[in-house]
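First comes the structure, then the notes that go with it.
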Amino acid sequence: MSVLVAPLGIPLVTALLAAAAPRRAGVQHAIGVTGAALLFVAAVRLLLHVHGEGVVAVQMGDWPAPFGITLVADLLSAAMVAVSAAVGLAVAIYACAEPRETIERGSFVCFSHILMLGVCGAFLTGDLFNLYVWFEVMLLASFVLLVASGERSAVTSGVAYVALNLLASAFFLVAVGLLYSQLGSLNLADLRLRLDLPGAREAAGPAAAFLLVAFGIKAGLFPVFFWLPASYPTPAFAVSALFAGLLTKVGVYALLRMFTLLFPDPIGGPLVAVAVATMATGVLAAASQSHVRRILSFHIVSQIGYIVLGLALATSLGVASAIFYTLHHIVTKTNLFLVGGLIARAGGGESLARLGGISARGVGLSLLFAIPALSLAGIPPLSGFFAKLFLIRASLQAEAFVAAGAAVGVGLLTIFSMAKIWNEAFWKAAPEEAPDLRLGRAAVIACAGLCVLTVGIGIGAEVVWELANDAARQLDDPQEYLRAVLGDGS
Amino acid sequence: MEWMVPFVFGVGALAPALHTRLRVWSGPVLALVPAGIALYAAARQPAISDGAVPEFRASWIPSLGIDWAFRQDGLSNLFVLLVAGIGALIVVYAGAYLREHPRLGRFYAFLFVFMGAMLGLVTADDLFLLFVFWELTTVSSFLLIALDHEKEAARKAALQSLLVTAAGGLAMLAGFILLVDAAGTSAISQIVLQGESLRAHASYPWILALILLGAFTKSAQVPFHFWLPAAMQAPTPASAYLHSSTMVKAGVFLLARLSPALGGSDAWAATLLVVGAATTLLGGLLALSQDDLKRLLAYSTVSVLGLLTLLLGLGTPIAAQAFVVTLLAHAFYKGALFLVAGNVDHGAGSRLLSQLGGLREAMPWTAAAALLAGLSMAGGPPLFGFLAKETAYEAVLEAPVGSWLLAPLVIGTAVTLVFAAIRVGLSPFKGELGEAARDAHDAGPAMRLGPLVLATTGVLAGLLVGPAERLLVAPAASVVLQGEAPTGLALWHGFTPILALSLLTLAAGAFLYRHRERVVAAAAPGMAFERRGPAWLWDRGWELGLAAAARGAHAFQNGSLRRYLVVTLGVGFAVVALSLPLSDLRAAGPTADTPIVGIAASLLVVFAAAVMARARTPFLAVAALGAVGFGVSLLFLMFSAPDLALTQLVVEVLTVVLLALVLPRLPRPAKPKPARAVAIGVAVLGGATMAGASLVAMAGEPFEPISRFFEERSVIEAHGRNIVNVILVDFRALDTLGEITVLAVTALGILTLLRRRRPSDAEVQA
Amino acid sequence: MSSVILRTAARYMMPLLLLFSVFLLWRGHHEPGGGFAGGLVAATAFVLVAFSEGPAAARRSLPISTWTLIPIGLGLSSVSALLPLLQGLPPLTGLWLPGDKLGTPLLFDAGVYATVLGVVASVLLALMEEETS
Amino acid sequence: MTLFVALAIGVVYGVSILLLLRGSLWQLLVGLGLLSHGAHLLLFAGGGLVASAPPLVAEGATQPAAGSADPLPQALVLTAIVIAFAVLAFALVLGDRAAAKARTDDLDAYSGEPG
């Protein structure tokens, strides 16, 4: 039981402590890093537990499912929690090198842990309305983190972010209402059983559509991703790195969960088309940007397209590829945003035109950028290569040739984007005397840690692929999940 | 052999640190590594030529069947010898050539990464493993081309080569996936045994096309050849190593490696012959007019790469032999000539033929190397290049198809290469001292070593043709052929027509050289074509594509929140609307009662909302919103939800207070914007959809809701009679815990925002 | 805003409203009411005073800051959520004293009450303070 | 009755969308406030409209009267109402802060794009 409760209890308690403790950076960071480290340990423990003993569930309030709220972790949930906790720890460490003001005035430690609470809750809940609540927890925490600086770009883009995300939440809430009105339950496992009864799936059609729209917006799918590139480039780097790694991925997770557990019938062509359009628009828009975090933000959109393509293929291989891609992407993208902060610090800004000469500052920073950038670009043997390899293979085997072709073409444009940042920021002679700011040891350690993970997911792709594959198998055949939640009676 | 790659990578990682310690000695010391590997490969070569094939195989990613697998057959080991042997010379050379360069340490690192990747590429026995190394050579080439990355031209050339080869690489990856799928294994040694079934496979055309794309881009075949001359921005040692003797051969290596699997079909032959012929001819012609030594060498390299492709396309035993001999000969003489060019540049201060001349006395060693290598390039006996030309002639003359076209084409190209060879190998050194070479001096020993050794190797290989054939050529050719390689390579076959052609070629080349001014002038328009050719198309394509992407991105994510909302809502409701079962929207739900107050409350909501739609001032809108809330509260009360009614009522009061506090402070528009048609459309769509959805929601309840459980247990087990409250604090308390967390976060967030207010006000007033 | 009538009304209304809100909380487990409604009603009491006598007066009428109510409330609810863990039961399991009148669900509801009151009152008071400053 | 409630939900949604799309900051904020009413009504109505039978157990009884309203949607809506209020408060304050920087009512100044 405690394996499931700890990933929620730790961030909650950490956030409360951070709120209660004095707003001094040292104290805050001590709490933040300790909490993040404990969460990471708990998450790894959960993953090992699920890996060893199968799906675990705990009934909150001791009320039997499907009546109370069930927390449940299968391999997908556990893996998502683990990798999120890993980047959470990296961001917590990185934040120690952020300007004091960002941390102290913005209550960064408190809100980032509430964000982690929402993220972990969303991954671990087995209940639809409870999922809505965790989404709100995460969303509100992200609102506050986004606008905490009070700077013009942050608060104005915050309006767009808040408005568009509230719309998504409204769609979600309506979906909950519709599903309950049609099926009379909120427990996901129970809903699956009810959906398998004759006539239920047709009745739940509108609810499925609402869920698709809600999570499509949250995940950043074409053509409803506007909120993402509008807001991600504005807050502190630690904040946008946390967003980049986790927020859209919770939407992706929800899509994966809903459209395997509840609605396993393939959506097929339209979703493949949306995925391809997401990949293409994201990468094309990224190629035309000249601001580090705007480039990276549009690439998130593009990568979401890859992930959703895996889901849209509706094959076991496709879903496994999507999961692998997600795990890789969380690590790599978080790192790129963090390194973006180092670049901005070393070069005095984020506009490519004004950056330059960073490679002269030493091999270290160059490597810290090169590893996640090459990984994102799909250069072997880094994690992104295998992610793309799996996905292209899955597309070809599903005979989605256009999608496979798009995946290849988008890969080339990703290489271009990363090479562009490299050429401009690292290689071009510095146009003006850049401030010789210190990068901060904590920040470097955090980025280096994530680099190691990226290389590890690449070299050790077998382990991660096995995990993704097993997770996909659990999604494909939910019997174990249903038994864990509902007991043997199901 | 499996240790070679990690070992070389490791040395590369340590190289910069080593360089700062050893300074001038770093080159020779580091060169011991590739030299050792070359010796190791040489020691194994006799056994390999007798048919031994050392193998290593360890599982890497079993679920994909990807192994850490290496295999050292005749073809692999030939390449290992080249890569390591030439690598050793290059490292020594670079240590001296780039002695003053601030980034020599990094250069070593990149070079060793490249070397390791190349060694892995040629020995890998797994397609995906091969691809890993393939991409690493691309990346290291990118890094090496722009070693002088302050120069924009260098950065551009690096990016161009990266994109061209990466585009091909990605296509090739797709081809590999299909190939592995078709063959059922990723082990190359297994794949090459399945030629027949693969050629009959349904996806064979795709496999072939995609893999050829990868090989052609890497080996600079027309129309992708343009990146190679541009890559001459790289420092000369890198050009000599990557862009003539090793990396650019990776493409033809792959073709040779896979020719037993994919070759033998008409499509294979036709494509390779056409592309190879076009490449060799174009490269030869474009080389004619070059003035820059390195660019001249680059175009002649393109030409030879085309010839190699063409030979593989022929697919005959003699062609396979010609392929190996040409490849070897080219590696020796072209490597040497590039280093010569570097020495000339270094010693005389220019690489332009028009400024060079008479360096013979100032640079005797370099001149000697140039002469020997140039002679080999020209195909003069008794050098190895002569053998290469003879076997190539033989192969095209005996071609199964189209020899009437191929033979003149290959011979004609050979003439251009003779011309190029004389210009590179001879003209800088003879005649009067060129204007740029007043105080020329020869390079030091470290920079003489490379060209001399390579040039001499060409001579020795020619003289010792017997052992060379038995030890090097035949084992490699038999791998390409998957069978017995032809024998009988010799300098002297008697007075054969081929010998006559060979001598004729030399004579024709010499004749051209006598009229070199006119030849150069006549060939010059070719460059005009080249500048408007594929390179131009490629660059323009990117430019236009990116500009279009920028326009598209800007038009879509156009900075209008209004637009974002329209699209998000429009798309969202359209998707949902499509899912509504319009046919069976049963309007009448199970609830029969229609209390008057309920109707009144609904109408109040409708009316108040309508007022809001028309409200021009916040005051009216807030009042109407309050009325909506009151109506909703009334509905709750009517339909058995007293808790909701109470909460909604209080919340409504507080909402009005909140709005009344904030809204008046917001800026007001000069004049209200008119509602746009599209907005009205989306609003109608959304309203209708939601009305429909609510009918769906109210229509069906075929399943027993879980709340029956709450009704049964509320009093007995949870000790509460208000079931709604019991749900909130007991049955589903986790939701509530989350909700109060949300509330707390919101409050803290608002506090944070409010605290921010004051300084900014001060700013405004200041 | 601060007419005499309002001020007088507020003075008498405030304790009544607060009392009513506690009553709502107390009876919520059995009759309509509960922590949410109670907390909201209590907050209106503060808003009323703030409107009539200014936010500072509203703050003075409570011995502790409205902000501190938030962690107190969250803490109460969290404690009642985690208390069952000590007995090896899942979080949020209801524990009742003999007689089934008092139990952790009521403690939880009290936490809700405090949080809602703290949040709503703090936010509105802070906004009103801004307005007047 | 369902028709009247459906009409109310449809109109509330239609009007709130219209307000969101006016391109004006204050109307956006008011529209968000209105939107939540629509969602709550739908969630509530989905549980079935039962007049005058609240899910309360009479003193001494162990179960509510047969045919009383479904308590679960009520509980969900109740929390949703409170959340919606808090979120609206946050959105209002954020809008206020953003307006203090952007100094315009035009929504297109709040989209996060540079320039």
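By letter and in written order, the chains are A, B, C and D; residue numbering begins at 1 in each of them.
Everything that follows uses one rule, which is that a contact is a pair of C-beta atoms (placed from the backbone, for glycine too) under 8 Å apart; a residue touches a chain by one contact, two chains touch by 3 or more.
Predicted, not measured: the structure shown is a model, and the values here were computed from it.
Per-pair tallies of C-beta contacts place B-D first. For the pair chain A and chain C, the distance between C-alpha centroids works out to 36 Å.
Inter-chain centre distance (chain C to chain D, centres taken as mean C-alpha positions): 23 Å.
One simple way to say how far apart two chains are is to compare their mean CA positions; for chain A and chain D this gives 28 Å.
Counting only residues that touch two or more partner chains, chain B has 557, 561, 564-565, 569, 642-643, 647, 651, 654, 658, 662, 690, 693, 697-698, 701, 705-707, 710, 721-722, 724, 728, 730, 732-736, 739, 741-743, 746-750, 753-754, 756-757, 760. Each of the following residues of chain A touches two or more other chains: 12, 19, 60-61, 129, 133, 136, 140, 143-144, 147, 150, 155, 159-160, 163, 167, 174, 177-178, 180-181, 186, 226, 229-230. Of all residues in chain C, those touching 2 or more other chains are 30-32, 36, 40, 71, 74, 78, 91-92, 94, 116, 119-120, 123, 127, listed in ascending order.
Taken as a graph of touching chains, this assembly is complete, with every chain in contact with every other. If you check the complex, the residues on chain C that touch chain D are 30-32, 36, 40, 116, 119-120, 123, 127.
Contact residues on chain B toward chain A in their complex (touch as defined above): 16, 60-64, 106, 128, 131-132, 135-136, 139, 142, 146, 149-150, 152, 155, 158-159, 162-163, 166-167, 170-171, 173-174, 177-178, 181, 546-547, 549-550, 552-554, 556-557, 561, 564-565, 567-569, 571-572, 575-576, 578-581, 690, 693, 696-698, 700-707, 709-710, 730-735, 738-739, 741-742, 745-746, 748-749, 752-753, 755-756, 760. Those residues of chain A whose C-beta lies close enough to touch chain B in the complex are 12, 19, 60-61, 63, 66-69, 105-107, 110-111, 114, 117, 121, 129-130, 133-134, 136-137, 140-141, 143-144, 147-148, 150, 155, 159-160, 163-164, 167, 171, 174, 177-178, 180-187, 190, 194, 197, 199-200, 202-203, 205-206, 208-210, 212-213, 217, 223-224, 226-227, 229-230, 281, 284-285, 287-289, 298, 359, 363, 374, 378-381, 385-386, 389, 392-393, 396-397, 404-405, 408-409, 411-412, 415-416, 419-420, 423, 427-429, 461-462, 465-466, 469. Across the interface of their complex, chain B is touched by residues 1-30, 33-34, 37-38, 40-42, 44-59, 61-64, 68-72, 74-79, 81-83, 85-90, 92-97, 99-101, 103-108, 110-111, 113, 115 of chain D. Listed in rising order, the residues of chain D touching chain A in the complex are 20, 25, 28, 32, 35-36, 38-39, 42-48, 72-73, 76, 79-80, 83, 86-87, 90-91, 94-95, 97-98, 101-102, 107, 109-114.
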